[in-house]
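Here the chain labels run A, B and C in written order, and each chain numbers its own residues starting at 1.
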Amino acid sequence: MSGRLSSESGPSLIGGSGDLVEARSSRSLPVLLIPIGVVGAALALVPLWIGDSRVLMGVAVLGLAFACYAIGFNVIFGSTGQLFLCVGALAGIGGYGAAILADRVGLPITVSILVATLTATFTGGLLSFVAVRRSLGVIFTGIVTLIFTLSFDALLLGLSGLTGGDTGRLIDSGADTFLRDQIAPYYLMLALVLIFLLIHGLLQRSHIGWAFRALRDNEVAAELAGVDVARYRVYGALIGAAMLGLAGSTYAFTEGRLSPTTYGFGQVDVVVLVMLAFGGIGTLFGPIAGAVTFTIVDEILIEFGQLRQVAYGILIIVLFLRLPRGVIPTVASLWRRVRGRCLGFQVFR
Amino acid sequence: MLEVTGFSAGYQGNDVVHEVAFHVDPGEAVMIIGSNGAGKTTLFRAMCGLLSPSSGQVLFEGDHITGLPAERIARLGMRFVSAERHLFPRMTVQENLLLGAYPGRPDPETMSVVLDLFPRLAERRRQHVGTMSGGEQQMLAVGRALMSKPRLLVLDEPSTGLAPLLAQATYEALGVLRQRGLTVLVAEQQVPLAMAFCDRGYVLENGFIRLEGTSEELAENPGIRSAYLGVGDGAMLDG
Amino acid sequence: MANILDGLVLGLQFGLLATGLTLVYGLGGVLNLAYGQMAVTSAMMVTLAMDAGVPALPAAGIGLLGGGLLGLFLDQTILRPVYRLHDEPRVLLSLLLTLGVSFIVDGFLIWRYPLKALTLHIAGGAVEILGVPMRRGSLVASAITLITFAGLFVFLQRTTLGRAVRSVIEDEEGARLVGIYPDRMLRLILVLSGVLAALVAITRSMVTPVNTTSGLSITVFALIVTVVGGLGSVAGALLAGMILGIVSVVAADFIGSYISLIILLVAAAVTILIRPAGLLGVKE
């Protein structure tokens, strides 16, 4: 609908490349900062409502963590089309890595976070490099990264001395800092979200972003146009993995305890997929819309216990079947068409 | 037997073949000649159900088969031997031939006719297709199509990648089958071969049928002589 | 030695399990991530039937029938939109939709029958094989699996229908050109995969209980063996199953069960990286 060149074999799942954003890519920085600022301001007001409930604030912080994860995955999958089913695992390298470095090795928290993030970044880049080198298609990339996730999970359970195994471990480091407060961690995670949004936004406007769009739409054409597909794929993975590692490690310290379910496939990857499918894969604010919506939905569904899984299953099916471009982009384009017709002329893109 | 009218087909909304019309009568051997990229393969694929046509009509023995899927058309008595052959690489010659008779039961008489026609195949009955040469594979592709006793055999460039002797042998085998009542429609780049074998022909250029006539008429056309037979002073083909 | 034999028993089951998954992928380009849940659901049908008083053998029959019906159900409902796509988008969509199905089934089963498990007790003492006492359950399970494999090989190699199935795996367009309907073949194979999943669950329950939470791990193991054996190859599934079964048991015994799992996972990853076609798969 935007008249873009799209390859026939490209999955219809990756549709919106942020049409709203694309149209403005030639405009200046403030146009990016304003929406981010608005989102930031809106989210900053949340503690005014729920600030006195420790439980709800915890949920909110987790929601922001998921927003970060979703942005990271958006960069990897939405921007470069690599199906990385190891979102939780990469975040987990950040979380468990930082926790072990801080508690066991005694490194300061910021250093631990830095090292853990770098490890996650390197791992993500390595996975991408290998996938690209061996020309693994989307499916095999998905399978290999899924294998990585499962191996990471087995490792967590196996090295129980270090990781606390199935029950997990408490994190002593940072217990007496602002990280465990009720409100402060929220703003810390919010800062991360806004920074990630800014990075992604800038990326979309840069030549890297152009390369991303080119290689995602039609790999062969991109190569011919001089885009080193392999290199840009790895770049995308590095950036996304860095986001995941940073978010995972920061979140760990605010939470104070970890277990395999904090970063499990069913708890993180699936949820992020749903969030992004809802919000719009490849769009800038899709992750935010998805994270906010599903944090709320999840809270509502919490009384249903195990049946929540059923709800997620249905959601995955419905979202990927009916609205491959995401709820938000579909609604947005519908709105534009209605508005255009009302105003008596067609809005062309 | 086969009547194609106003037929257009292509990929992703762009037609490669435009408003093509031709016909094949029972017992005839008809050729569609044209250079690379003329649209012969697209035409045949769309006609035989591997591709959806954008417009037009195909009648086979009076029945509309336009747009039907390949697997249905294959059961109606019209068999297509595509340029890529599409044999089953890890199955034996024997198994490939047996499958040619699907869904009916393989007829031992037909099998022996095919093996008589292509003695090389009989020698390699238990050999896996993947290990055979191009010429042998081509023979097998034709043989497999014949197992169902089709009334019309459609071949897309059967001489591709074959040594001249083998190509000749293939056409000779087709000649034998013609005498037994088989109707043939063949697309060819190697025009002399096709001309020697066929009664009539059409010239396809850039997706349009430019010329038609008997083999003799076409052979005398100066445009064809220079474009496809390498004779004369390069006069352009009009039509 | 005991490990090798145990490994073989496990390996046979791995192989039969993977056969269902690999045939569906090889023939139809559909990756069924709800496979483990199909097995578990069938097992639950058997155990519920037995609870209701149905004797073991007919109950197992119900399970097999149920498995087949589940396969048919998938074909007729969830997979319909998948069939409109081809190649990579098809695999991707099938992966996502069946993942959704697996969540629905898992969520429901674990909620409704959290503690339920299928256990088939084979009466009789241990039997000695090559100096190692083997439980009768293991032996019966292995025998059934072997017979099933034999039946599969005969079907695929000697019957017209079986040959038609193989031909679609070999070259779908070629199969269409000889009048074979790929979607009918896929439907057949989906039903078959359901029956196989049920059969593996039933025979497995003769060795160790199969409970409602096993779904995911069954799918994972099936996927690993499928990848190593080669997509679309039954012989590959059997071979890979045997090798990985033995490796799994030996590694678990000498090093630990988590490491054993990691070894299998790494084996699958290495296969994808070095030889994506798998041991006996079709090289593109």
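In this text, contacts are C-beta pairs under 8 Å (C-beta built on N, C-alpha and C of every residue); 3 or more make two chains touch, one makes a residue touch a chain.
Note that the structure is predicted; figures quoted are calculated from it, not measured.
Any chain touching chain A that also touches chain B appears here: C. Between A-C and B-C, more C-beta contact pairs are found at A-C. Overall, the chain located most centrally, as judged by its C-alpha mean against the mean of all protein C-alpha atoms, is C. For the pair chain A and chain B, the distance between mean C-alpha positions equals 53 Å.
Look at where the CA atoms of chain A average out and do the same for chain C: the two points lie 33 Å apart. One simple way to say how far apart two chains are is to compare their mean CA positions; for chain B and chain C this gives 42 Å.
Remark: chain B residues 48-50, 69-72, 74-75, 79-82, 84-91, 95, 98-100, 102-103, 105, 144-145, 148 touch chain C in the complex. Those residues of chain C that touch chain A in the shared complex are 31, 78, 81, 87-89, 91-93, 95-97, 99-108, 110-111, 114, 220, 223-224, 227, 256, 258-259, 261-262, 265-266, 268-269, 272-273, 276.
Those residues of chain A that touch chain C in the shared complex are 9-13, 83, 130, 134, 136-140, 142-144, 147-148, 150-151, 154-155, 157-158, 266, 270, 273, 305-317, 320-321.
Those residues of chain C lying in contact with chain B across their complex are 160, 163-164, 166-167, 170-171, 173-182, 282.
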